[in-house]
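Pasting a structure here, questions to come.
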Amino acid sequence: MRLVLEKRAERSRRMTVLSPVIAIALTLITGAIVFTFMGLDPLEALYVYFLDPVKYFWTRNPDDFWSLEQLAVKAAPLALIGAGLSVSYLANVWNIGAEGQLTAGAVAGGAIPVFFPEWQSPLTLVAMLLMGAAGGMAWSAIPAFLKNRFNASEILTSLMLVYVVQLILDWLVRGPWRDPAGHNFPQTVPFTGWQTLPVFGDSTIHLGVLFAVVAAIALAFLMGSTLKGFEIRVLGTAPRAGRFAGFSREGAVWFCFLLSGGLAGLAGIGEVMNTVGQLQPSISPGYGFTAIIVAFLGRLNPVGALVAAVVLAISYLGGEAAQVTLGVSDKIARVFQGILLFYILACDTLILYRVKLLSRATVELRA
Amino acid sequence: MNELLSVILTIITASTPLLLAAIGELVVERSGVLNLGVEGMMAIGAVCGFGAALATGSPLIGVVAAIAAGAALSMLFGFMTLILVSNQVATGLALTLLGLGLAGLVGEGYVGQPGVKLGKIDLPVLTDIPFIGPIVFGEDILVYAALALMLAVAYVLFRTKMGLIIRAVGDSHQSAHALGYGVVPVRYACVVFGGGCAGLAGGYLSLAYTPQWIENMTAGRGWISLALVVFGSWLPWRVAIGAYLFGTVMILGFSLQAIGAGIPSQLLSSLPYIVTIVALVVISGNRALTRANTPACLGQPFVPDR
Amino acid sequence: MKKWLALATILAVGMTAGAANAADKLKACWVYVGPVGDGGYTYQHDLGRKAVEKELGDKVETKYLENVAEGPDAERAIERLAREKCKIIFTTSFGFMDATIKVAKKFPKVKFEHATGYKQAPNVATYNARFYEGRYVMGQIAAKMSKSGVAGYIVSFPIPEVVMGINSFMLGAQSVNPNFKVKIVWVNSWYDPGKEADAAKVMFGQGADIMVQHTDSTAALQIAEEQGKLGFGQSSDMIKFAPKAQLSANTDDWDGYYVQEVKKVLDGSWKSGDTWGGMAQGMVVLAPFTNMPDDVKKMAEDSVAKIKSGELLPFKGPITKQDGTVAGEAGKSLSDQDINSMNWYVKGIDDKLPQ
């Protein structure tokens, strides 16, 4: 017996829909086996893991709405960064340092309340968001420049810059930007009023969630219906053809980095303006890295990234719920998440390829 | 003199795990595969090596277990990316997640237990030579293994037919396939070799560097190894220089602090990364050199057509 | 209004259904910043949680969330526990402070306890241990035991907690040897065994012969053992890792405190407040004094007794700062407020405090 792949002439539409379903089914089966071995009721465990975060949809219990809010808040930065990275990766521009651009955005935007703690007007909000995006763009401009000017691998420069900017943030909040009233703990003044993102009603869903949705739709439009989108696609899939068509590779590198960096910066300032509420040494639990997975799970489609962000957010929240209600350790949550990703990636193969199991006889016959 | 000696010895220990993992990844990338899961494979190697050594009392069995664990995890990666042609970047990242999680799970019972240390060798007379002795003849065997591995990889890649095939597969899988070489088996073998090296690097952490297991003890060293491969423009001896340079910058940062130089520690901590970026720029700026050594098919999927 | 009605009905139904269980057991919950397997800070807190389970048996049920990042996830994690009907929630890292306060406002009936912070509320108490007391004695031992008169000190991040530890250690050392020197390396991490080992090697190489650390792993102590030098354990007793090198260890013992606080919730006597306990309260415990001659051991034991009785105050004024200014009144200890926001070094330390 042998596993053989056969390339399909075009993407299989049926499989595009089916593959995530198969992946989830496989994860559920594996999960059930794992949980049974750990002495848990597999159905209950799977319920907690995947359905608990979204149970409001059928319980309609206002108490359960909280989880949905949290889901939106958790998914927003992932979707925002993932959408930008999708475009970037489609163009074969490998920005791995979104985490750093996120931090840079938070630092740049957070500078406003640090230096003008009294400034309270709607303009403050706008200025902070703009500075956030600009900060992310500025940080992403470094690998873009190094790539274009010196041909330095953007994968590594962008990654190294993550550590550098995190240390800069660390230095700032422990030193010059420290809150004088904060007992010398490493944090800036707390952000208040217009220095924080407005929320919808009395929920915790903030403006950043809206940004994520808008960005996903806008980028989907950009990629689907504009010349720029076409250019990026061509440069990504057939660089030679792109060059003949007169598309600039350098231009695409700049565009992709500034776009994905700007969105990461926006996500960063959004986090410090809402969930964190001030600058401190750690402002993100690795959103910039997780967003890479989000981009791929979403098949490098901005709207797909939005969906993928929600799936990942569910697995995070489900992992937390499992820790609390089942007493399962955080490690299991992570292993489980890894397995889910593996299945989704494996099943993606079905879209582009036909998988055949050939018996030895057929293999020989074909040869 | 004593101080210099201790600094050099410290640098060697700090650089060895980076070198081990980077040399493995270099072979993987030379064959055209990008495995970003080094950190995860290191973690699993560290915990399995620690556990095996603890169970048997033999650090050497620990070393073997570490290699096996890293290799086993890389087989999963190989299956995903080579057989099912899933995206290498995403699969590598997922492997990191899985590896770190699994390692934490396996290691739950090992926290707070003293490990079995892989001792330094002690040759009569030779190790006692002042200054030179401890550096050249008084390391643990994995330090020598790392250097030997580097030389062996350099020899095999550039002086043997096997190396030629590996490089051919990495540079143009279509031509290699047309010439009758099995692209997938070659790549699979390289991936497993890289996994074994990453596992060994992890084992070095939990057996020789700091004989203990705690979660996240790899602390980003897998990522640095990945950077070192590009830093060394896919040439083994340059990767070795990179690893030692990185270790040197890091240790010198500590030395400066301990002297009381008053430089912000964050600046010193970020120096290795900045140095890597600068070196990357200098090396990549030389286009002829990079083009000659970058595996042209790096990260590209290959499906043999029939 | 409708919403609330629905909520009330569901709560009522839920409560009758779960009454049997809920009435019996009190849910006590913990939020940890690191993995329970860090072998240091979080590990010690989790031992405290286990002590509660053991001590109070079937009266309580404990839950925890580990690896909760100080940032976006903190508030959600805490609120999740509150929603899971935890009656008392311990948030064990400084970075959880504002999140704890926020969630506490939403759940006035739940009791919260935040470690190492300074913000309280009617249902939020704060607690911390006077680790610096242990470090004073460690300084004295180091000054007695060191041949070179130089200790190496590995530190994580410049927060007041760490800075007061360095100062207390130095004051202790100076009380024995006024010319004692200390080398300081910031590794910018709470635990990275590799870096800690490297820092230790570097400082031993520069002439230090005793290692102190304010990072969590056992690495530095293992290096001391290997090189035949001496050192101190941190957070937990690390004698297993360095039987010949460990002089003592500054351990956090949360067991008693946690048991006491959960008991108070059980009998309804819990009140908000600020607990800053030290050796006298059993929250800071020095591991047995080992690898030292009897006279040093005697001195250390005396100091511990004096600290417990309040006769010895590590931060007794006047204290000369590094810049020559003087802090504190003669004969009186610095105020807790001053200690808790310490961002200066005492005279004699060569390092420059990151500002």
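Letters A, B and C mark the chains as written, and numbering starts fresh at 1 in each.
As a working rule, a contact is a pair of C-beta atoms (placed from the backbone, for glycine too) under 8 Å apart; a residue touches a chain by one contact, two chains touch by 3 or more.
Since the model is a prediction, treat every value here as computed from it, not as a measurement.
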Longest centre-to-centre distance from chain B, chain (CA-based): C
Interface with more contacting C-beta pairs, comparing B-C to A-C: B-C
Centre-to-centre distance between chain B and chain A (centres being mean Cα positions), rounded to whole Å: 28
Averaged-CA centre spacing for the pair chain C and chain A, given as whole angstrom: 35
Shared interface positions of chain A, touching two or more other chains: 167, 170-171, 175, 329-331
Residues of chain B touching at least two other chains: 104, 108, 264, 266, 269
Residues within chain C bordering two or more other chains: 35, 188, 354
Footprint of chain C on chain A - complex, ascending: 60-63, 66, 70, 73-74, 77, 167, 170-171, 174-176, 183-186, 190, 271, 275-278, 280-285, 320-321, 323-325, 327, 329-331
Footprint of chain C on chain B - complex, ascending: 2-3, 5-7, 9-10, 13-14, 17, 104, 107-108, 111-114, 117, 205, 209-212, 214-217, 219, 221, 250-251, 254-255, 257-260, 262, 264-266, 269
Chain A residues within the chain B interface of the complex: 3-5, 7, 89, 94, 146, 150-153, 155-157, 159-161, 163-164, 167-168, 170-171, 175, 289, 292-293, 296-297, 329-339, 341-342, 345-346, 348-349, 352-353, 355, 366
Touching residues on chain C, where the partner in the complex is chain A: 3, 6-7, 10-11, 29, 35-36, 63-67, 69-73, 75-77, 79-81, 83-84, 94-95, 98, 118, 157-160, 163, 188, 340-343, 354-355
Chain C to chain B touching residues, read off their complex: 34-35, 37-40, 43, 152, 183-189, 191-199, 201-208, 216-219, 222, 226, 236, 240-241, 350-352, 354
